[in-house]
Structure formats: structure tokens, C-alpha cells
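Read through the structures below before going on.
After this come two complexes, each holding chain A, first together with chain B and then together with chain C.
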Partner chain A sequence: MNTNLKISNVTKIYPGCVANDNVSLEFNSGKIYALLGENGAGKSTLVKILSGVIIPDEGKIYLNENNLNLNSPSDAKKNDIGMVFQHFNLFETLSVFENLIIDSDEQRESLREKIDLIMKKYNFSIDLDIPVLNLSAGQKQKVEIIRCLIRSPKVLIMDEPTSVLTEQETSELFLSLKKFSEEGILIIYITHKLKEVMQLCDEVAVMRRGKLVSVNEIKNENIESLANKMVGQNLKTIKKKKAKTSSDQLIKITNLNFTSEDPFETNLMDINFSVNRGECLGIAGISGNGQSELFQVLSGEIISEKKSIEFNNNYIGDLNPQERREYLMAFSPEDRLEQAAIPQMKIFENVALNNFKSSNFFNNGLINENKIKEHSKKIISDFNVNTDNIELKSQFLSGGNLQKLIIGRELITSPDLLICFNPTWGLDVGAINYIHETLIKINEQNKSIILISTDTDELLKLSDKISVIHKGKLSKIMNAEEVTSEKLGILMGGAN
Partner chain B sequence: MIIDINFVGLIIASIMASAVPLILASCGELITERSGVLNLGVEGMMIIGAISGFALMTVTGSLIIAIFGAMLAGVLISTIFAFLTQTLITNHVATGLALTIFGIGISAMIGKNFVGIPGKEFPVLFEGLKDTLPLLGPILFGHSIVFYFAFTLPFVTSYFLKKTKIGLIVRAVGDSPESASNQGINVRLVRYACILYGGAMSGLAGAYLSMIYTPQWIENMTGGRGWIALALVVFSTWNPIKILIGAMIFGGLTIIQFHMQAIGVRIPVQFLTALPYIVTIIVLVVISRDSRKIRLSTPSSLGKSFYKDN
Partner chain C sequence: MIKIVKRDQPSRAIFFFTPVLAIFLTLVAGGLIFFILGFKPFEALKFFFIVPIADKYGFSELLLKATPLCLIAIGLSFCFKSNNWNIGAEGQLTFGAIVSGGVALLFYEQEGFYILPIVILAGAIGGMLYASIPAILKTYFNTNEILVSLMLVYVSKLILDYLVVGPWSNPEGFNFPETRQFSDSAKLPLLFEGLRIHAGIFLALAAVVISWFVFYKTYLGFQMKVSGFSLKTAKYAGYKGKKMIILVFLISGACAGLAGVGEITGPIGQLHREISPDYGFTAIIVAFLGRLHPVGIIFASLVVAITYLGAETAQIFMQIPKYTGQVFQGMILFFLLASDYLLFFKIKFIGSKK
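The block that comes next holds the complex of A and B.
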């Protein structure tokens, strides 16, 4: 049966921001629709309205000509609208099966059979009786998809589904989605990744600042045209110039091991690598393979053996992050709001946090506020942070602006080495471009970068050398020119 | 010296009796905490239950009205907590502490007229079977209905959490209220229910103290048992069966140290009094040291307020 979903004149206004401005769209089953836009364009709000999480101020939703009253997520479920959220809506400490049975009215046994059938049909293999926190991101997503499929939905909404997936997992997902579409499920695919839209979808709707700016068939679009519609201006493409190979070694890691007491962390085994001045070493991998442990060991959040890390001819393995900063290392951790900045503190207070000794931020234990503010203003203007209010609490900065602030805070002290972990995760194209340009610039100034990232495109764009981390072990280090994303994907999956 | 085997049985039975209020209050608080709510008002709810039960018993003369009235009193006072923390989104810790202070104060006020009044005898079950079995007879038989209820409760609680749909929903809410809400679960309703249930169990624990264990009203008669109950929940890593073990150890050492003091063992009294606390904590820490299990049973959202942004 054909499914027709109509969004009619939907408006949602938040204080100080129109998230959806009179949006009207129509979808028909048999096709895969892309809803494209930068962060904050309003696409997440729109799909949350479709899934009943957010109630619109105005406008109506029709499914097969019936006006739907979506006041809660269960209303959406009742009307056969399924949604896989960007941030998984799973209960980490419950088992996979418990996660699935919680919103199902079926008996245990019949549900189990149903799940087994679904898994067989789409070639998923997941142990139903282990807690969700033991699953990889790709598996968690499959659990979410199974949860939707159990209810045999008419509409399946995927919100930024690939942000946590590897290349292989992404192509597996695309195959499944195409299969679902052939079976008559209407698929709405939300993303800011243009490549995926071109690969997967039949029609694309672009949103910008809450407004629908274009609806078109994919065959009439290309990556550039979509990017320009998305950003609303012409984007320049950035490319890294091949750096002169330097042989001046900056950091050397020798036989670095880390064994965690937390069973949910990954142990690092026998890590060896070195980075020369002016070089960018990319470390690829599926999230949860030891990246955060590696970052913590490199940054000094976890202290290791003194001689395992040699930086600028000093052994610094046993130093804490603050002491390592004194040796001109800088860090940009993965979680911007939890690790890099303190959300409730103002911008300038956050700026002061990484500079205890070398700066004159503190005199005899008192805060030198003027100095810090002056410094913060410089960061804001040098690094293009889009605010002029340094008294603003950091939590109110957008992801992109916060990341620029953090990178700026780290770079303004002119470090020799910047270690960053997923620096562009969840950012929009404009911000990603800016961060990438900045990172390339650092390399050009003969400073080094260790870039731990789950985004293969980013790694291929920025790195001079690439290694892959899998289950806490590093692959051999390869020159970036020799590497393709397929090859990385295979290594990330654990093959040799 | 001949030790009468039935005397040993009586000691064990008295240990179990002293564990009853801890088991009741802990199992109630466990459900509350599993839904992500930290209610530090257990002591307050218990003492309200104690005075309500005793007062109702004295005034109405009905034990049934008194027992259910005490549970209702626990529910009512926990409703205040639920309203503050879930509807007005106040801080769990501060609100819980306030609840305890409030409970102690108001129970003392109500209790003024009940000081010195003798309690009523509470009927016991299976009295006649007491002498049929050596050792086990006094342990198993001749106790109040509340006693039997308390010793069934940890197993029922465990079954409820692991095997029932509602138990699953409670755990889900405690794990991630955001996800639960997005799944269409009414987080606030679940948490209200869990808080009210915790209140009812604390109320019952209090009533047990003032109506069965020491049938009289004494100001402040809970004497910190609410805090022990709270500690048991945490140190048992939210596991009802371990609560039972912890409560028995605590009750046991409390009774034994009384006997030791009575016999005149040459150990400082202060040390003996502190012993139950120390040993209970050590034992529970030791049996619960599996960090994987702790991670899986700790309610991730414990003590955090949940706002639905809409």
C-alpha cells in the first residue's frame, strides 16, 4: 500500500529562535527522502515533531490524508511512524532484549521469534542478552532499527544515522534502508553529509535557518549545488598542500601500554609511533576501540611510564596535562561540553582554565579578570567565534563556535603539538571547513598534530600519515597517499 | 555449659525482628532509587509512620487501620517530596534532608500526647507451631504478619525488577529518563509512583517499630535506622537480596553486641556500638566489589532532575 505523509505549514518557535518557519513537505513511499541542513537548520526539530517528541506551535501532519495528533512519542508509534534518533534512545544497563520488550505489548516468546526473524531477514547479528553498553555504535543503531521494525512501521525516520558508523557499517545501513524502501516503508533520512544524500536518496529537501529552501530530485542536484543551498553561500573547497617531509622528530611513543580497571574501557597494547615536526598523524578507528583511552594517555589524564612518551627530547610519560602543557602540548578532547569546557562557566572563565602558570591570569591566587577577558576577546576575533559576549555561558555556544573557542584557546599559546579527538564531530559544514583550515595552517607553521578521528574523510584530507586503532592496538603507520577509505575501513574492522 | 538450642533460635529470631524495619525501608527506597530518585527522607518518613501507626492504634483501637494508616502517612509525606522534586524540580538531596527534619519535628509534636501510653499486643501467626521444631521453630513461627511480609519482600522486589514489565520500566527510567520519555514512557508518573511506594514502605517500617518491635511511642524512636536503610541500598548496589544480607548482619551485630555488653565482655562500649555499622559496610563492600555489576545495577540518573524540554 502506498503511504503518503504530508507536513503542512508547521511552525515551532523557541525563545529567540524560529526552529521551523512554516514548513510544508510531502513524502510518498517507495522513495528515500533526504532532509538536508546544517546544525540548527531545524531538521531535527521537524522530525521530532513527526515523532511526537516536540509539539508544534502551528501546522498539521497528515498520514494518508488522516490528520495526526502527535502529542507524545507513543502517538507517533501508534500511527506507525518509527524514528531512530541521532543520540540513541537506548537504556545502556538493560539487555538488548529488555530494551526491545519495554515498549512492546507482545509476549516474551513471540517477540523473541519476531526479532529473530527480523535479524535473519536483514542479516543483523546481535546477542539479545547482553547489556547494550557492550555493543558497538553500529550494533546499537541496529537495535534501534529493530525496535522500529517490530512495529512494522509505515514511516521510518533516521536522524543523522551515520555520525557514529564506519564506512562498512554505513554501506550495510544503506543496503538495509534500500531494502526497507523497496518493501514499501517511507524513509526520511536526515543528514548534513552531502555524499550520503547523493549515494542513497531519491529526493532531497534542504533546510536553512528553519526554512525550507529547496525540494528537488537527486538527479537534478550535485554536491556543490546542495552545499551552496545548505550554507546559503558559495563554499570554497579546502585542500592540504603536500608538506615537505621533515625528519625532525617531535614526539615518540615507545611500548606504551594501558590496562584499565574499568571493564568497559579498552586496554591499550604496545603502542609505538612517532610524529615529526609539521606533520599530522591521523588515527582512524571505530569509536570505542581505545581512542579515548589513547587520547587520555597522550594528554596525561592517564599517567603512564615516564619513558614511554618522549616529547621534544624530554621524557614526559609521568606528567599530568598541566605539566605537559608547559612543554607546549595542547589538547582538544572529544566531548566539548564535558571535557573541554565547563558548560555553566562563562567563556572567559573557560579560557582561563588551561592556562595556570605561563600566563598572567592569576596574581597571588587572585583572578586577573581584565587580562583574561582581553585574551578571550583575542581568541574570539582570531578564531572567528561568532559571539561578542565573553560573559556568555559556554553551554549557550553552538557546537561549532565552542569548538573554535577551544581550538583557539589551545592554539593561542602557540604549542608544538596539538592532539585532537574528533574535532569536527557533529559540526556543520561551515564550522568543519574552518576547523580544517585551521589545522592545515598549524601544519604549515611546522607544528604537529595528532588527529584521532572516526571520520575517514577528515583523516584522508588532513593527515600526512595514518594509522588505524582496533581493540587497543595500532596498525602500522601508512603514508596518507597510499591509503584509501576502503582500506581504512577494512583495517578498522580488524582485518590485517 | 549447656546451650539450649531453642535459645539460639530465639536469638536468631530476635536478630531477624530487628532487621525487619531495615528491610522494609531499604526495599522501598531501592525502588525509588532504581527509578533515578534519591530520597534522603527515609528517616523522616519512617518516624512519621511510627507516630501515625501508634496514634491511630491508640485512637481507633484498630490495628489494621493503624498499619494502613501508617503506610498512608508515609505516602502522604513522600507526596510532598514527589511534588517538590518532580513537579517543581527541586534538588533531591536538599529536599530529602528537609523531609527528614520535617518528619522528626512533626512526629515529636504529634507524639507529645502519646508518650507513656502502653501499646497494644500485636497478634502473631503460627504461635502453636513454635515448639514443634527445635531451633527452626522459634525462627520460623510466632511472628507478626509484617515480619513475614518483610522477609518475602526482597525476593518479590528482585522478581519485580528482573521479570516484570513494570519493573523493567522502572529500571529504564532510572537508566535514562530522556530515552524513556522519547519511548513514550511517562517518566514523571513512574517516578511519582516509585517515590510514593518508597514512602509506604518507610511508613510501614516505622509502624513496625512503634507497634510491634517496641510497642510504645518514644520521641526519635527510629534512632537513625532510616539512614542505615539508605546506606544499605547503596552498599548493596541496589540489589534486594544483598539488602537482606546486610540488614541481617546489621541486626545481628546490634543484638549480639547488646548481649556482649550485658555479659560484660571487656571491649569498650563505644567500639561495640560502632561494630554493626563498620562490619555491615565492610561485608557489603566486599560482596559487591564487581565493578561491572555495579555499573549495570547503579541507576545512571540517580539524583538528577528530569526536565522535559518542550
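The block that comes next holds the complex of A and C.
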């Protein structure tokens, strides 16, 4: 049976921003639809309206000509709309089956049969009785998908599903999605990754600043045309020049180990690598394989044996981040809102988080506010942060501007080494470009970068050498030219 | 129609308005309770909140009660601002009082200008020692400071009980559970003839000024603020987390200890069983009612001090149990937490559409 989903004149206004501006769209089953847009374009809001999480100010939703009143997520479920969120909503310590039975009203026995059937049909193999924390990200996502399929949905919405998947897992997911579509489930696929849209979808709707800017069949589009629609301007492509190979070693990690007491953390085993001046070492991997721990060990949030890290001919393994900054290291952590910056604090206060001796931010234990403000103004203008008010709380900066502020704050000391972890995660294309350009510039100034990232395209674009982290172990270090994303994908999955 | 809308940003005005709203709602609810109990609400509230402070003596009593509350709450705000949940100020007060009382007893029947400073210092050190227990257990053994500091309150009360009944009890005291009277040199001077308000109030005022300076002007204050928002950020910035946890606990303990000194070396002048009507716990309410801001805490301590006095007057004149004081303290906290909702949401009145 054909399913028809219609969004009619939906508007949602937040204070200071129109998230959805009179959006009308129509979907029919049998096709896979892409909803494409930068962060903040309004696609998440639209999807949340479809799944009952947000109630629109105006507009209506029709499913097969019936006007739906979606006041809560359970209304969406009742109306056969299933949704797989970007972040998993699973209880890590419960078993797969327990997770699935939680929001189901079926009997244990019949539910189990139903799940077995679904898994057989789509070739999923997941042990239902092991705790979710033992699953890979791809498997967890399958659990979320099964949770939707149990209710035999008419519509399945996938929100940025590939951000945690390997190349191989992604192609598996795409196969499944195509199969669902053939069986009559209407698929709406939300993403900002253009390549995926071209690979998977039949029709694409592009959103920008809350407005629907284009709806078109995929065969009439290409990556460039979509990118331009998404950003609203022509993007220049940036490319890194081949670095002059230097043999001047800057940092050397020797037999570094980290054993965590926390079962949700990954142990690091026997990490060895070195980075030369002017070089960018990329570290690839699926999130949760020890990247966060590696970042903390390198930044000094976790201290290690003194001799395990040699930087500029000093042993610094036992120093904390502030002490390491004095040796001209800088750090940009993954979590912008909970670690790298404090949203409730003002811009200039956030700048003071990078406190190094020559900054004179704090003299004899007293705050030197003028110095901090002066410094903040410089960062804002040097790094194109789009505001002129350093008294603004940083929660009012967009993700891109906040990241520019953070990178600027870290780079203003002109450090010899910048260690960054997913620096462009969740940013829009314009901001990503800016950050990438900045990183390339650093290398050109003969400074070094360790780039820990889950975005393979980014790594291939910026790195001179690449290694892959899997379950806390690093693969051998490869020259970037010899590496393809397929090869990385295989290593990320744990094969040799 | 009424609609509830999320605020983009909690405004500063609302931040200080909600405590006032909480107090107002407490008065309304309190009046209602009195009404249900069969009293005239306005008269009862008058006995509770106005009569006690209508004269010179009453006002001195108000300051007397507000002094320890303010002092402890200032100390606690160091902890609370930096994400450390010290709720054992009552124990730190008691232990500070024990140590300073012990020192005061050493100088029994001796006089000298040097005695009082030593006694005061001993109280601060006692409070610090006692606060260092949850702090050290937290930093080195990962225990929960809420549980440890709370349980230590009861330990300190038992130690005090043992001392005033046993080894330290007054030999000529007919077995009353109290120590000898301290010598005059070991007592905080009274400020006015015939009133009980004593020099301890200057300790509280000094704490207010110092804390304001530390919070807003020093690197320590900045680090506390950062740690209060996010421990992950504090770690990333390279702050020495353990050192700071211990430091804020010590400051907090010292303030509570000083409050203990004020209680025993002020009007009473001896150690006995009940040196504090739970000032250490009530000060938690004061700290939050005052928004962890030094000036806010001054006002909050005055407001909450009235509930102690009001409860006594109400008991005397209206035969209402004095525990109504605690009911009022509870209501203040309750309404404060409830009206904090307004920090993040606002109520919009929308005219009905025709």
C-alpha cells in the first residue's frame, strides 16, 4: 500500500530564530528521501515535529490524507512513524532484549519470535542476551532500527545515522534501507553528507536557514550543485599542498599505556608514534575506540609516566595541561559545550581558560580583566568570530563561531603542536572550511598537528601521516598518499 | 490563555527576584496554615515576623541569630560554587566549638588579651580539621562528600555529649551536662550593655567582604566558577582539582568553626549539649536563598533568622509550637526551588483569539 506523508505550511519560531519557515513537503513510499542542510538549517526541528518531540506553531501534518495531531513521541509511534536518532537511546547495562521490551506492550515470547523474524529477514545478527555496552556502534544502531521495525512503521526517519559508523557498516545500513524502501516503508534520511545523498537517495530536499530551498530528483543533481544550495554560495575547494618532509622530531610517544578503572572507557595499549615539525598526524577510528582517552593522555588531563611523552627534548608525561601549555602545546577537545568552553560564561572568561604564564591573565592570584579582554578582542578579529561583544555569553555563539573562538584561543600562543579532536564535528560547511584552512596554515608555518577525528574525509584531506586506533591500539603509521578511505574503513573495523 | 515559554537566557533581574518571590509565597502559605489552625493569619504573621524585631532587644537577637547563619553560609558558598556538596557544616561548627571550648577551658580563670585570639583561631582550626575529613576522603578515596560530611555531624554531636557529661563537665556543676564558665578574656565582647549581640558579627562581615573579593577578583574564584560549571573543563584547563576541593572544604570548615566559637564564647560562655539550633543545616537554605552571592547571603541570613525568633514569640504568645520555625524554613527552600522554574521559563498571558 502506498504511504503518503505531507507536511503542510509548517512554521516553528524560537526566540531570535525562525527554525522552520512555512515548510511544505510531500513524500511517497517507494522512494528514499534525503533532507539535506547544514547544522542549524532547521532539518532537526522539522524531524522533531514529525516525531512529536516539538509541536509546530503553525502548519499541519497529513499521513495518507489524515491530519495527524502529534503532541508527543508516543503519538508519532501510534501513527506508525518510527525514528532513529543520531544519539542512541539505549540502556548500556541492560541486554538487547531488555532494551527492546521496555517500550513494547507485547508478551516476551511473541516479541522474541517477532525480533527473530525481523533479524532473519534483514540479515541482522545480534545476540539478544548480551548487554548493549558490548555492541559496536553499528550493532547498537541496528537495535534501534529493530525497535522501530517491531511496530511495522509506515515511515522511518533516520537522523544522521552514519556519523558513528565505519565505511563497511555504512554500506550495510544502506543495503538495509534500500530493502525497507522496496517493502513500502517511506524513508526520510537526514544528513549533511553529500556523498551519502548521491549514493542512497532518490529525491533530495535542501534546507537553509529554516527555509526549504530546493526539492529535486537526485539524478538532476551533483555534489557541487547540492553543496552550493546547502551553503547558498559557491564554495572554494581547499587543498593541502604536499608538506616539505622534515625530519626534525617534535613529539615522541614511547610505550604509553593507560588502564582505566571505568568500564565505559577504553584502555590504551602500547602506544608508540612520533610527529615531526610541520607535519599533521591523523588518527582515524570509530568513536569509542580510545580516541578520547588518547586525547586526554596527550593533553595531560590524564597523566602518565614521565618518560612516555617526549616533547621538544623534554619529558612531559607527568605534567598537567597547564604545565604542558608552557612547553607550547595547545589542545582543542571534542566536546565544545561541556569541556572546551563553558556556555554560561562570557566570551572573555572562556578565553581565560587557556592560561599561560606570559599571558598575564592572572597576576599574583588576581584576575587581570583588562588583559584578558584585550586578548579576547584580538582572537575575535584574528579568527573571524562573528561577534564584536566579548561580554556575550558563549552559549549565544553558533557552533562554528565557538569552535573558531576555541581554536583561536589555543593558537594565540603560537604553539609548536596543536592536538585537536573532531574539530569540525557538527559544524556547517563554511565553518569547516575555515577550520581546515586554519589547520593547513599551521602546518605551513612549520608547526605540527595531531588530528584525532572520526571523519575520514577530513583526515585524508589534512593529514601527512595516518594511523588508525582500534580498541585502544594504534595501527602502524602510514603515509597519507598510500591510504584510501576503504583501507581506513577496514582498519577501523579491526582487521589487519 | 496562559502559555509557558522557555527563556533564551535567565535574566539577572529574575535571578534576584525569585528569592523575593519565594519569601512572599512563604508568607502567603504560612498565613494559610495559620488560618487552617484557627488563628487569624495576619495577626499570627505579625507575631511571627514583626513583633520579634520591633524593639532594640529584638533587633539585637536578630543579628545574633543571623551572624552564625551568614558566616556558615558564606563558607558553604565556597563549596557549593565549586561543585562540592558539604552539608556537614553543623558538624564542623560543633567540632570547632569543641576545640575552641577546650582551649578556653585551658585558660580557666586566667586573663590576658592574647587568650581570645587563640580561642578564635582554635575554633577555626577545629572546623577545618573536621571539614578536611570528607575532603580528603573525597579526593583520595573517591567517597561521596554528602554522605561523609552528613554522618560526621552526628559523630561530632556525640563527642560533644561525651565531653560535657564526662571529662569536661563542671566539677561544681551538680552533674549538669555543661562545662565550667570561660574566663572573661576568652569571651567575645558584647557590643552594647544589656544586649546579647557580640563581636562575632564582625567575623561574619569580614567573611562577606573577603568572600566577595575571592569570588570575583581572584584566580581562585575564577577556578571555582569554572569547576562549578564543569569539572571536565577545569581538568582540561589544568586546574589542580584535588587541591581546590581541599581548599574550599577548609574555608567552609573554618567559617563553620568560627560560627561555633561565636555560639560558645558569646553570651553563653561555656560548652553545653545544645550549642546550635541546627544553624549548620539552616545555613544551606541561607546560602541558596542568597544565591551564593555574599550580599544576597546577608539578606537571606536576616530573613531566615527571623523564623527562629518568630517561632519563639509565636510559642510564647500564641501557643504555637516553635517547630513552626522549621516549617517556615522548609517552605522558603521549597518555594525557592519552585520559583527557580522561572529562571528558565516565563509565563506568557495570551489574549484569547476570537
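By definition in this document, the second predicted complex is superposed on the first by the 487 of 496 C-alpha atoms of A that agree within 3 Å, B and C clash if a C-alpha of one lies under 4 Å from a C-alpha of the other, contacts with A are read in each partner's own complex, and residues count from 1 in each chain.
Methods note: a residue touches a chain if its C-beta (ideal position, glycine included) is under 8 Å from a C-beta of that chain, and two chains touch if they have at least 3 such contacts.
Since the model is a prediction, treat every value here as computed from it, not as a measurement.
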{"item": "First, second, both or neither for A:Arg325, with chain B first and chain C second", "value": "second"}
{"item": "First, second, both or neither for A:Ile102, with chain B first and chain C second", "value": "first"}
{"item": "Contacts of A:Glu301 with chain B and chain C, given as first, second, both or neither", "value": "second"}
{"item": "Which of chain B and chain C A:Ala41 touches, first, second, both or neither", "value": "neither"}
{"item": "Which superposed partner A:Ser74 touches (first chain B, second chain C, both, neither)", "value": "first"}
{"item": "Chain B versus chain C as contact partner of A:Asp262, first or second or both or neither", "value": "first"}
{"item": "Common ground on chain A, meaning residues reached by chain C in one complex and by chain B in the other", "value": "none"}
{"item": "Chain A-facing residues of chain B, complex", "value": "165, 168-169, 171-172, 175-176, 178-185, 291-292, 295-298, 300, 310"}
{"item": "Touching residues on chain C, where the partner in the complex is chain A", "value": "5, 8-9, 216-222, 225-226, 229-230, 232-233, 235-240"}
{"item": "Residues of chain A defined as touching chain C within the complex", "value": "15-16, 299-301, 320-325, 331, 333, 335, 338-342, 344-345, 349, 352-355, 362, 365-367, 393, 395-396"}
{"item": "Contact footprint of chain B on chain A as seen in their complex", "value": "51-55, 72-75, 77, 85, 88-94, 98, 101-103, 131, 133, 261-264"}
